[in-house]
Amino acid sequence: MNEKILTRGNLGIKRFFNLDTQVYNDGALPGKTKELLGLVASLVLRCDDCVTYHIIQCVEQNVTDPEFFEVLNIGLVVGGSITIPHLRHAVEMLEECRKKAKS
Amino acid sequence: MNEKILTRGNLGIKRFFNLDTQVYNDGALPGKTKELLGLVASLVLRCDDCVTYHIIQCVEQNVTDPEFFEVLNIGLVVGGSITIPHLRHAVEMLEECRKKAKS
Amino acid sequence: MNEKILTRGNLGIKRFFNLDTQVYNDGALPGKTKELLGLVASLVLRCDDCVTYHIIQCVEQNVTDPEFFEVLNIGLVVGGSITIPHLRHAVEMLEECRKKAKS
Amino acid sequence: MNEKILTRGNLGIKRFFNLDTQVYNDGALPGKTKELLGLVASLVLRCDDCVTYHIIQCVEQNVTDPEFFEVLNIGLVVGGSITIPHLRHAVEMLEECRKKAKS
Amino acid sequence: MNEKILTRGNLGIKRFFNLDTQVYNDGALPGKTKELLGLVASLVLRCDDCVTYHIIQCVEQNVTDPEFFEVLNIGLVVGGSITIPHLRHAVEMLEECRKKAKS
Amino acid sequence: MNEKILTRGNLGIKRFFNLDTQVYNDGALPGKTKELLGLVASLVLRCDDCVTYHIIQCVEQNVTDPEFFEVLNIGLVVGGSITIPHLRHAVEMLEECRKKAKS
């Protein structure tokens, strides 16, 4: 679907997608930290698709389970009980990623 | 004001304040990373008072300017132009903290 | 899923879940009023899972249909037309609960 | 300012303002409960002006301090630490109202 | 479902639904512009059902693809990357509407 | 302040600011319509600084008072009573702009 948007969308949309990709690259902060930042922002803004995306990236960056749960805990305290359904979604996605890695 | 809330507020409120303090302590992730998580969450949720709080904590954790601007950049891309007034607030607070540190 | 989170999650997450359970208990305000507060908060924050949860609790607290619709009306006026899909969800859940109670 | 809006604004805006006034009147639920619903909704949506308005109305409806803090506690748990600046605002407004009542 | 709400809901809810219908009628601004306003508001508030509704209305008002993508671009820049899942939804809905129109 | 951010901020932030400026330029839709879109998005997201910015741009684009109030009405219905303080702010800004234009 993103490809469709990039084919049909205008120049401004394409440039935004570029910014969105580049912002998580290694820089003064390592890519791993940036993916954690993307994850907590997605959680407090309650966007399941964005949570899924950053969970996958975080797993690739070798984020451990205790690290994950500390990020989720911060999101939960900052964003409140209203984030709980998205916390559940995050934990499900994490389990799925761990299973795939084992198989 | 927080003290007033803690004096007059009920047990549930006090316990929440405790959780809120503890969640940024060193753990699997260092306190510095956690403060960056708190900062980006505050920025995308557009809370100036929370941004101020986490800027001060980040400065104490020796976050550098390039690191700060990378966090703010992620907040800006995730949260959109609607976060710009809070980005401005963050940069003002950062400047104030840097000036105080010099004097 | 909540159990999984409670098993695998850290202490901070567990404590938050405790606070979240206790906050709706009878106190200076009766549990019924607190569930109505939880429902209106869930509606204006547009969280379907949370709306479902509080509808079920409200039905157990013997909230009547006219009371329900007054709460939903407040949520609608405060939160605007953007809450309408969640209002629809609330009414569907309510009908389901009423049917179950009859059977 | 509201008067200016009502004078200059169009019919749709005026009708909305009417709905907004009527929704908190006594009905199946008493006005007091409705003001508590308005307060918690304002807190989780983080609107200081709306919090102020409903605190004043709640004080007129004889809401007690323990009742107030239970409502604020629910708002805090549902909306997270991001609501704390608005919780502080609520407690300040409450103190002001109590002082005025005494004098 | 809306009919059910209108049958069972109270007078305040019905009046709100009326306001919601009338606000997009031709006036000082043409209906087409108003539907575009409804679309961008739905996108930045991230409500897929509302996006669907306004896409359908916009197609009926003969909004062209370049016009659509300019509105979506504004929503994306204002609301940030968190709106991307809803942008994808909007483009899918648009494609579906275009296909139906051809058949 | 924006200049400071542009001087000190990183490349990603500068590029975002560019996108944010360009997105309101004349295109398939006229600049005037785009400013109205920016205004309604700012209102429903409840950002006073953004509302001020777009009111000024709209006045320059010769938006009339009846047009303004129709946009504000849409924002009010979509975003609910929680937008009222920002609606008040918008009307104040509009009055100020009209006065300046006369003097």
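Going in written order, the chains are labelled A, B, C, D, E and F, and every chain counts its residues from 1.
Everything below uses one rule, namely that contacts are C-beta pairs under 8 Å (C-beta built on N, C-alpha and C of every residue); 3 or more make two chains touch, one makes a residue touch a chain.
Bear in mind the structure is a predicted one, so any value in this text is a computation, not a measurement.
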Label of the chain whose CA centroid is most distant from the centroid of chain F: C
Which of B-D and B-E has more C-beta contact pairs: B-D
Centroid spacing, where centroids are CA-atom means, of chain A and chain F in whole angstrom: 30
Between chain B and chain A, distance of the C-alpha-averaged centres to the nearest whole Å: 20
Chain A and chain D, separation of their C-alpha mean positions in angstrom: 36
Numbers and ranges of chain F residues touching at least 2 other chains: 10, 12, 16, 19-20, 23, 27, 41-42, 44-45, 50, 66, 69-70, 73, 76-79, 81-82
Overall pattern in which the protein chains touch one another (line/ring/star/complete/other): complete
Chain C residues within the chain D interface of the complex: 19-20, 23-24, 27-29, 33-34, 36-38, 40-42, 44-45, 50, 64, 66-67, 69-71, 73-75, 77-79
Touching residues on chain D, where the partner in the complex is chain A: 44, 76-83
Of chain B, residues touching chain C in the complex: 10, 12, 15-16, 19, 22-23, 27
List of chain F residues in touch with chain B within their complex: 1-2, 4-5, 8-10, 12-13, 16, 20, 41-42, 45, 47, 49-50
Contact footprint of chain B on chain D as seen in their complex: 46, 65-66, 69-70, 72-73, 76-77, 81-82, 84-85, 87-88, 91-92, 95
